[in-house]
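Naming follows writing order (A, B, C, D and E), and every chain is counted from residue 1.
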Amino acid sequence: MIEIDIRLARAGGFALECGFAVPGSGVTALFGRSGAGKTTVIQAVAGVVRPDAGRIAVKGEVFFDSARGIDVPIEARRTGYVFQDARLFPHLSVESNLRYGERRSRAVERPVRFEAVVELLGIGPLLTRRPHTLSGGERQRVAIGRALLAQPRLLLMDEPLAALDEARKAEILPYLERLRDETRLPILYVSHSIDEVLRLADTLVALREGRQVAAGPVAQVMSQPAMLPVLGRFDLGTLLECVVSRHDPAYALSSLAFAGGELRVPQVARAVGEKVRARVRARDVAIARTRPEDVSVSNLLPAVVEEVRLREGPYADIMLRVGEARLASMVTRESVERLALSPGLVVWAMIKSVAVDSRNPEFTEPPQRHGA
Amino acid sequence: MLTPEEWTAVALSLKVAFWATFWSLPLAVLTAWVLARASFPGKGLLDGLVYLPLVLPKVVVGYLLLLTLGARGFIGQYLDAWFGIKLIFTTAGATVAAAVVSFPLTVNAIRLALEAVDRGLETAARTLGASRLDVFFSVTLPLMLPGILSGALLAIASALGEFGATITFVSNVEGQTRTIPLAIYSATHVPDGDAMALRLTLVSVVLALGSLLLAGLVDRRIRRMIGRA
Amino acid sequence: APGALSAGEAPGDPPTVFAAASLTNAFQDIGKLYQQKTGRPVRFSFAASSALAKQLEAGAPAAIFASADNRWMDYTEGKDLTLKVTRVTPIGNSLVLIMPADAAKDVTIDASFNWLAFLGADGRIATGLTDSVPAGIYAKAALTSLGAWDTVKPRIVGAESVRAALALVERGEAVAGIVYSTDAAIARNVKVVATFPAGSHPPVEYPFEIVKGQDNPATRALLDFLTGPEAREVYTKYGFAVK
Amino acid sequence: MIEIDIRLARAGGFALECGFAVPGSGVTALFGRSGAGKTTVIQAVAGVVRPDAGRIAVKGEVFFDSARGIDVPIEARRTGYVFQDARLFPHLSVESNLRYGERRSRAVERPVRFEAVVELLGIGPLLTRRPHTLSGGERQRVAIGRALLAQPRLLLMDEPLAALDEARKAEILPYLERLRDETRLPILYVSHSIDEVLRLADTLVALREGRQVAAGPVAQVMSQPAMLPVLGRFDLGTLLECVVSRHDPAYALSSLAFAGGELRVPQVARAVGEKVRARVRARDVAIARTRPEDVSVSNLLPAVVEEVRLREGPYADIMLRVGEARLASMVTRESVERLALSPGLVVWAMIKSVAVDSRNPEFTEPPQRHGA
Amino acid sequence: MLTPEEWTAVALSLKVAFWATFWSLPLAVLTAWVLARASFPGKGLLDGLVYLPLVLPKVVVGYLLLLTLGARGFIGQYLDAWFGIKLIFTTAGATVAAAVVSFPLTVNAIRLALEAVDRGLETAARTLGASRLDVFFSVTLPLMLPGILSGALLAIASALGEFGATITFVSNVEGQTRTIPLAIYSATHVPDGDAMALRLTLVSVVLALGSLLLAGLVDRRIRRMIGRA
């Protein structure tokens, strides 16, 4: 359990006030616009800034408690902090940078291996170089490696992937997922990218101008109306809790059962019967009045229109009920009229693509809330 | 070229300058750190105290040393009684005088270097599990090296040139405390001592240029090492 | 500062007397008397005779040079900086052996005096630098003529000025000191335990000369005053041997 | 015309060699993985690093020419450089930072107005603050404003938007587009995001380990096979050159005519008859054997299958011919079998969403190639 | 408390220290810049030359000043003949002596500060259209301010304590060149001068602490201004 309940005012007028408790393993995403206070929260957990009041505890260990006068020194917290700016030591080679935290960790507790990290981050050829000769992305990769090798009991990542290309991101994310799952390392993750958040996070804390807008399991938070101003319109979607029901190796597809039926998705690395989470973006859901025949779209589900919300601009939000589940769809207003969509209408939902997250299902249990 | 007597003075000067710098450097680093980073009541006083040897006439500094560290001085008597350390009239005393006079310069140079160290890097080191002390030795100190070198250079230079405090505190005892400046001083006070004074001045100049050259080389190497080149 | 740069020796400025540092107190008193009597101020610059001589050589616009020993006066004369014809030597000094008042024991200095027994196991004897500060030079001469130089030499500590040597004796850092009687007179906590025989060293003299180009009635008047009866009284008061 | 033809070797073994000529207005994207040499190219144009040999000329003005010994000083080049790290002046307030370059530009040539930039970047409340009190994103916004206000004759942007949230990005991009169109300011733009590149860029230069993989008009480069290892699979798509044919204000939609028919898209801010460019991602194109009736998908176009490429994993790439135009589609292998897709088959392309770029069409003319 | 004579010495010391620092600072900044940033043949020599006044006994420095800038000196004679500038015996001369002696300290402090300035910021300024000179004044100099302040402080402190070069170069003339250290020197040659020497020493201490306090305040303000607090 990671419990954070802090207040902090900065010169310049910014005030942070947030309180949440998230599971002590898995990934918690801090999400919010530029200047919302994400870095400030991370800094408070690391001990780099001291809150005016409040309490911070990670897995039962109290890092900070203004009431009891506790303020554990930074180095004793062992939070592997990946800074927004890489902060590599200029006087050390890349290798010595990587080893810096490793040397200072207890030898018996080294689940993260040097070779594995170097291999993963593709920094082998850079080991003898000095930080000032690295490119922006190379620097950030070394910083990630350095934090991992410090064998932290908590990982704090402040937009660690922003400077990386898509391909590199796609390589690092699964490693972080594996780390999260295998070492049960809790991760506090700051990101602007809702895709990254949804892919990685179990728990989501949304900040807006220093205030906590929402906090809780990703699926739950994403459907809260308070999130609308935080998320961009195109990022709206639905999260479906599913169980792997079948694999189809010939086509490299898997079937997932959920409350509204079954989804065909690219093969997932989970055994049949395991829980997974699927995300369907509203813009990827089209609606048909009659069942379209012979279309390439694999997922066609019978649905009932529950609500039609016309918006400014060309779009409308349609809420569909698919079996027991709800599904959001985004279509043009023109289509609403053409298809005469209205609540109660029976339609077909065409789901063009599905993002599946093979997270360890035990992390999806709702955490207890605490504080504000 | 030089008389044996002059060689003695040169050797002694080098010895005094080296040891004065050697012993005062760690204390200077500590003092600089305290002045730059710590905050406590009476810090202003410490600050003032450190710069005092600079602002006072060196002869006064020497006299104050005499009062405190002389064989009858209120610290000196115990140094002698308890540890058998005699400073007055000895090379050790000359070293102390040189160290005291160069101390403010050393501290100042190191302090400037310390203040230029990016504290974000120190924070980063602590998040990686390094204690404050560990951070100091593994991050702060290496990044300060050019400043420390510069401080050491100033210390050596000013120790080579130190005269007033040395002669007042430990006087001029041949082979013990007679450094180049004392020899030069004597030479300039003899009507036909100009030639000797000039020779010794040239020696000083050569020593100064030599140590600068050396410092420059070391400096470039350090900078390359810490990636500031 | 424009002000700082324009300050200089304007024609109306008082004459400047270059005087050895050991003359400081006597000359300051005499300067006041002179001003009282004539209404004309005098300016002094007190420093080591050597420094003053070098300054004269570099063109310092002083009127009178009062040296603490003959060597530097000979030097300025030799460089044609001061006027030999104006040389006067109104005062001298004697060389004395001093000890801290609390440890003082009277002794007599002669060729048979046992310096090592007098100084003890590792006692030091303080004086001016024996090759540059006049008192030290005289001390060396005296010890040499007494045949004690070689034995005493390792025990000698040469100070930058007689005053500094005095301080070492006052503080008890040195067992004894060799200084001028005038210095001993103004020091506290020291006692003169012996006077060096007059013949053991060249006479300690303070020659005065007028600087070349400054030989005018006003300077002459000042020089006369410095050697006159009022001045002699002051010299006596400070322990100088008036000739 | 921006002509770049340079060679440059760095200590650690990296060597850059690239030569391209791109139009003197519009946006040229530098695209490539971390460490490919993008920043190095930008630095050479700014004059911050000196190439070992070569030539750099912008709009006829030679910045660098090793053969003729020309090396124009940095400040005379007037390249508004937005650094990967913001590099704000710590001793100046945000406002003074912004004004720094403005003050040094000629007063008669100030198309970029202070108020407009402040407004756009949302940095009004920060004007009196010091850089060290800003969040990462705030810092980057100020850096962008500072470069714009220097009234540059060329804008160099090194991943300027990586630290910004989607909403902020969405606000700034159109402004950059407007700037590009109105002031005819050429922009060299480094980005990892192909979306950003496609949205902004007219010309694309792709780098890989210091070598130039491809350079030319975006549409042309994107279809080159050499680009496959540079682009991720999901980012494949088709660019269509279109002409605005009709506006439909009631539904906030516009119609675009292209070689293969007409597309219905969210309203574009261009007059009827003007050229625009539309991008259709392969994953947004579904295929139907018979015309689906009553579906929310607005764009249904008759097409002929030209080519079917099965790939590893669940997917297949289908090339369609729509009238005179070609259109890429990505479907599952299962769908290929189910629908029996094969070259020559007549099908319907269902285009769920279209990204339209309202670029000034005259920039799309192909630039002359030069050098390597 | 103090006699008029002593007040004169104190006022003179302050005047000398202030003007010595004031005039030498721009040159020190320039020298530091050249040493830190430029590279040209003979730079090592310049480097050595700058540190020379530190490494030489101050008396020798004063003597060299006398030889060059005295009324008969090979520069001094023209200063007098062409500009009517007389240095010997004058406050201006004392100011020159203090400036020369403190110069290496000032240069060293400023140089360290200069080397700590992030060159990336200078590059950024140039891309915004600032010429090298403009960059220097608008970016480099403001970021160096703490170092310059520190250099000025050292200069003032060492000017306040300067004795050897002053007395050798411009002698010891009341109201013109008799600064506090010279007054202390004179006091030790006067019976009962000890009290006066002590008083003046205390004044020195107070001045040192005062200027440090002031410097600390200014420094904190500057650091806040340049965002390093």
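Methods note: a residue touches a chain if its C-beta (ideal position, glycine included) is under 8 Å from a C-beta of that chain, and two chains touch if they have at least 3 such contacts.
This is a predicted model, so every value here is computed, not measured.
Common partners of chain B and chain D, by the touch rule above, are A, E. Chains making contact with chain B as well as with chain C: E. Across every pairing of chains, the maximum count of C-beta contacts belongs to A-D. Averaged C-alpha coordinates put the centre of chain A at 57 Å from the centre of chain B.
Separation between the centroids of chain A and chain D, computed from CA atoms only, is 27 Å. Between chain A and chain C, the centres computed from C-alpha atoms are 89 Å apart. Residue positions 59, 164, 185, 188, 228 of chain B are each in touch with at least two other chains. In chain C, 54 are the positions where the chain touches two or more neighbouring chains simultaneously. Looking at chain D, one finds that residues 85, 133 touch two or more other chains.
Shown are all chain pairs that touch, namely A-B, A-D, B-C, B-E, C-E, D-E. Note for the complex: chain E touches chain C at residues 15-16, 19, 59, 62-63, 66-67, 70-73, 76-77, 84-86, 88-92, 95, 167-168, 171-174, 176-177, 185-186, 188-191. Within the complex formed with chain B, the residues of chain C that make contact are 48, 50, 53-54, 71-72, 74-75, 124, 126, 129, 131-133, 156-160, 164-165, 167-168, 171-173. Of all residues in chain E, only 44-45, 47-48, 51-52, 54-60, 63, 104-105, 108-109, 111-113, 115-116, 146-147, 150, 153-154, 157-158, 160-161, 163-164, 180-181, 184-185, 197, 201, 204-205, 207-209, 212-213, 216, 228 touch chain B in the complex they form.
Contact residues of chain C toward chain E in the complex are 1, 4-9, 16, 18, 21-22, 24-25, 28, 43-47, 51-52, 54-55, 57-61, 163, 186, 238. Within the complex, the chain E residues that touch chain D are 120-121, 123-132, 134, 138-139, 142-143, 225-228.
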